[in-house]
Amino acid sequence: MRSLSRPAITAVVATASVVVIAACGSSSSNSPSGSTGNTGTAKKGGTVTLVMGTAPDSLDPGFGYTTQAAEPDWLSYTGLVTYARASGTPGGQVIPGLCTGLPTISSGGKVYTCTLRKGLVYSNGKAVKASDFAYTAERAIKIPWGGSGQFITAQIAGATDYSKGKSSSITGITTDDSTGKITIRLNAPYGAFDNVLAFPSLGLIPTGTPLKNLPNNPPPGVGPYMITNIVPNQSFSTVRNPQWSKMNIPGIPAGNVDVNVKISSNVDSNALSVLNNTADVFDWADTIPGSLLPQIQAKASNRYVKKVMNSTYYIFLNVKAKPFSSQLAREAVVTGLNQNAMNRLGSGTLIPGCYFLPPGMVGHPTAPCPYGDPASGGDIAKAKALVKQSGMAGQAVTVWSETRSPRQQWMTYYTAFLNQIGFKATQKVIADANYFSTIGNLKLNPQTGFADWNQDFPNPIDFYLLLQGTAILPTNNENFGQVNDPHINSESNRLGQVPSTQLNSIASDWQNLDQYTAKQAYTAVFGYQTFPAFTSDRISQSYIFSPLYGWDFSSFSLK
Amino acid sequence: MTATASTGTEFSDEFASAGFGEGDQVPAGLGPWRLAWRRLRRNKTALFFGGVFILILVLCLLAPVYSHSVAHISPAAENIAGQGNNCPPTCVSVTGIPIGPTWTSSYFFGADRNGRDVAVRLLYGGRNSLEIGFVATLITMFFAIILGVLSGYFRGILDGVINRALDVIWAFPAVLLGVALGATLAVSGILFLHGTSLLVPAVVIGIVYIPYVAKPIRGQVLVLREREFIDAARQQGLSSWRIMFTEVMPNLASTIIVFVPLILANAILLEAALTYLGAGVQPPNPSWGTMISDGIAQLPAAFHDVLVPGIMLVLTVLSINIFGDGLRDALDPRAKVRIAR
Amino acid sequence: MTRFIVRRLIAMIGVMFVISLLTFLLFESIPNGDPARRLAGRLATANEIAFIRKEYGFDQPIYVQYARMMKNIFTGQVYSYYQGFNVVDEVKLGLPATLSLAIGAGIIWLFTSIVVGTLAAVKAGKNTDRLLTVLSMVGVSFPPFFLGAILIYYLGYKLNWFPLGGYVKLTSDPWQWFVHMVLPWFTLSVLFIGFYSRVLRSTILDTINEDYVRTARAKGLSENQTLRRHVLRNSLIPIITLFGLDFAQVIGGGAILTESIFNLHGIGQLAADAIGRLDITVILVVVLLTAFFVVALAAVVDILYAFLDPRIRIAV
């Protein structure tokens, strides 16, 4: 996902508590009981102000790919399936959306079928047709949406031909407007396809919507909310969709309040205004400045919580180039790196860890870390010895880094650390906009540097995509360390085909694989980001914080 | 004389250049120079600030000595999570806030967010800022003199071409040049330039100020070339090149000298501005600009990280400006080359 | 004279053309800056990148791309690569903040510098003059983002007298608009006051020694009258010229530092943000806008001067 910080799972608790909705295709009326939110008694009405530090890339679901876009979009553009309205791990559960039930999977995982509910209408009152789904997918390819290549074109049969202009529609999608039946054929079994269908980008929009990004006036959708009054880079409103309550879709309640979003890049001032109750909600994707934390903890501890989401910050180590082609050299980095220091540079928002899969993800290992407790502050002496032993001492290393804070500071610290343990490291800073396309250029063969990943959906395959040999690409490479390990390749391929709904049955397999990755020291994980959930006194604290999209606007209510 | 030699952006500066030195050229020779020196000596304020500048220069040059013998810490050494013993009990708090001034030999001005000694980095950063300032000034003066003299002396088509080229530089936003060059050179680099090299901002700044100096010089040469002694030289059959070097150039000496502190002061300011916008000195190199923008990024915590390098920057630029002003008064009391913003 | 004006205008268009070309080429030449790869984002497939390249026309020869971009700009159909907004709309949205900054600060800096400059000239050589000289030197030595940071820290965070930045529309709340603009006005003005007052001081001192001023004095006009009627009126010409150029510059988004530190979301900040994202369409539009103001005003000034002094027609 795009790195403006992204959706993730809230999970202080790990994997065990996932509730599996077993029924496939049954018209599920069992709305998942949210772990915190309860909209039954909430006060209706009113408007809340959310302050956002970074503007969304586009509120058009056919283009928007950043967290700031997904946050309002997931409530305004419901797909065939969507996520349970719940905080924590339960919120990562896929539930039926516009379809009457979860898609039935047949032909060995290659065909997904479901039927649209009756009486669905868009926010403009127009009726929803099954063929609109095909149009939505085609539009996402045409614009194109940032995830379309990976999740639509590569997965759905015939989508590649469509994107190349060889066919006028995606042959893998067949729809029947009279019955509402939608059939999707895949190129190969893809376990996370349920999650793909839940992307706001595949939230239905009317056939005939222009095939281009409409950032000023996004198309009508089906959902509890609709987006209006967009002033570019300044503000937009998410208001309750009057059509929604008529449809009465189980598990997806209508909202209580309208949400006005104000965009201001001065995050300090945003945090202060929530603290002083002049704004109501602080956008979770922004970071509360360390200097304000003491004040917030003193005055507003009852309305400030740190949320863990599924994102991993790590240092990639290029296994194809000296010095990190040596496992001992990689172990030295993992052993010696002081995660406490990294955490301070990140204003205390990191949770230490050594595993590539973050704590909220199914498959996050529970075993102790192979190279020392990450919270202990690193063993420099041992790291020095390992470097000496590896024979790579004195090797020149270029550390690649982004410009933005604290990522740059992290890499400045890391550079000094590498020098301390016996390498000759220099830092190279690349403009943020260019960073990932620069280090993703295989010709450059970057040795080491900053990397991060935020989940697209709660399935470990979304992370292991970055460590598969097949992911090594000449440009836009995301396997920065060029890891090509047969064991990882075959295991992640096998596990990736298991449908998301059966994820728990293979949790231990993922755990074993992730422990293997940590043992090989393919990446130097330095923490999992926590995100602030910070509201004004006006907001009831019974809100839902989605593990994927953060704030669930429909759970907001005024006290 | 055109009035175009004005305005840049708010950080590139203005030099009102109307009527420089018309009528009263200072002929090359000992007399006028000695006179100027006498005038300068009487200007105590200018001398005082000249002294301040020298002091800052010396301090910055002594950075390694300070780092090694006083602070006992290198400019890149980081003490974040309490591994350092110089910084009791810790240099950076758990939420990432660095300590303020200790007023003792180590961490005299406190730490930055990476737990580095601000005082040490201030001096090293000053070296970089001043180096960029001097190199940029050299580049500006070199090209401005060549272009100004050529276009003023030959006039005609060459003059037109040079003038339009200067217009382009002058209307072209400096920041863009900085960003584009920085981004271009960061990965590959061309010739002697590399992304992290201090020469990148120096070259950018050097180019930016060329029109501000070249235009007034051209104006002065336009006047000079009509004067009797040039005519006489021409009549003696001297080549144009010879006349430019031996007759025209010496008469530009006072203008050039007056421009040097002006450009220097503004180059240092522009370095900080470019860096603030992400187009100047690339981290981890310290410069006053990078230090100020790092500090601003973590407002309102650790205000010393903004204040210390900021005051040093202002003090340096101020002393160059006041000394430069005195120099101008001394060299040519009626000259109208003026101090920039 | 007509020939001169025509020549000057042609030169102006030429300069604008070169600037647009240079900007375009500079950003085209950034390695790894291939916009298709940047737009495709992380995890993009080769197929997707190729698709974007075709869709946006990045596969065309560079001169075609340039021509297309220019055509789009002049027809107002230019969209930012990053967000897809119409850039002309974005510029229009930034205009109120930028105009508020320019007009308010312009009034402050023009009047203050006239007062300070005149006072310094009248008291030339005295202590008042020395003090004002040093003060204006301090003014010209302050980088605006440093001054802005100091003001925000002490008057915003510490004393809570002013907001920490941001812009409030004049039409939505005039008082809040004013409160939000005070610090930016001050920050931007300080730069110009220092410079203008120095220029004015020496122009006045020069004018005082001119013959017609001596004549006026000899006619028995009081010092005050002479100053007001003859000296000041003539000395203001260069100041007004400078003011025109600088004012145009600020409106064209030139106050990028002041706008950024105070988060005004004006045209300058639009440019700064676009630079951070390497969003070439936005950058090009703002660069051309700024350059247009600068070059056009310079041309106007040159033409006006040429009217006043025929010798210049040859020189330019």
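As written, the chain order gives the labels A, B and C, with residue 1 at the start of each chain.
By definition in this document, contacts are C-beta pairs under 8 Å (C-beta built on N, C-alpha and C of every residue); 3 or more make two chains touch, one makes a residue touch a chain.
All values derive from a computational prediction rather than experimental measurement.
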Exercise for review: Taking CA centroids for every chain, report which one is farthest away from subunit B.
Suggested key: A
**Study point:** Pair joined by the larger number of C-beta contacts - A-C, A-B
**Key:** A-C
Exercise for review: Could you tell me which chain's Cα centre is nearest to the average position of every protein Cα atom shown?
Suggested key: C
Point to revise | Between subunit B and subunit C, centroid-to-centroid distance (C-alpha), Å | key: 21
Point to revise | Distance between the centres, which are taken as Cα means, of subunit C and subunit A, whole angstrom | key: 41
Review point. What is the distance, in whole Å, between the centres of subunit A and subunit B, each centre taken as the mean of its C-alpha atoms?
Key: 47
Check your understanding: Which positions in subunit B touch two or more other chains at once?
Key -> 179, 183, 187, 278, 299-300
Check your understanding: By residue number and range, which residues of subunit C touch two or more other chains?
Key -> 30, 32-33, 276, 278
Exercise for review: Return the residues of subunit A touching two or more other chains; collapse runs of consecutive numbers into ranges.
Suggested key: 268, 431, 434, 438, 444
Review point. Which of the residues in subunit A come into contact with subunit C in the complex?
Key: 1-3, 55, 57-58, 60, 63, 65, 144, 146-150, 153-154, 160, 163-164, 212-216, 231-234, 264-266, 268-269, 272, 431-434, 436-438, 440-441, 444, 465, 473-476, 478
Point to revise | Partner subunit B, residues of subunit A touching it in the complex | key: 268, 289-291, 293-294, 338, 340-341, 343-348, 377, 380, 403, 405-406, 408-409, 412-413, 415-416, 419, 426-431, 434, 438, 444
**Study point:** subunit B residues touching subunit C - in the complex, by the definition given at the top
**Key:** 1-4, 6-11, 13-14, 16, 18, 45, 160, 163-164, 167-168, 170-173, 175-177, 179-181, 183-184, 187-188, 219, 222, 265, 269, 272-273, 276-279, 292-293, 295-296, 299-300, 303, 306-307, 310, 313-314, 317-318, 321-322, 325, 334, 336, 338-341
Practice item. Enumerate the contact residues on subunit B facing subunit A in the complex. Key: 76-78, 80-81, 83, 92-97, 113-114, 179, 182-183, 186-187, 195-196, 278, 282-284, 294, 297-302
Review point. Residues of subunit C touching subunit A in their complex?
Key: 30, 32-34, 37-38, 40-49, 51-52, 55, 82-86, 89-90, 93, 163-166, 263, 265, 273, 276-279
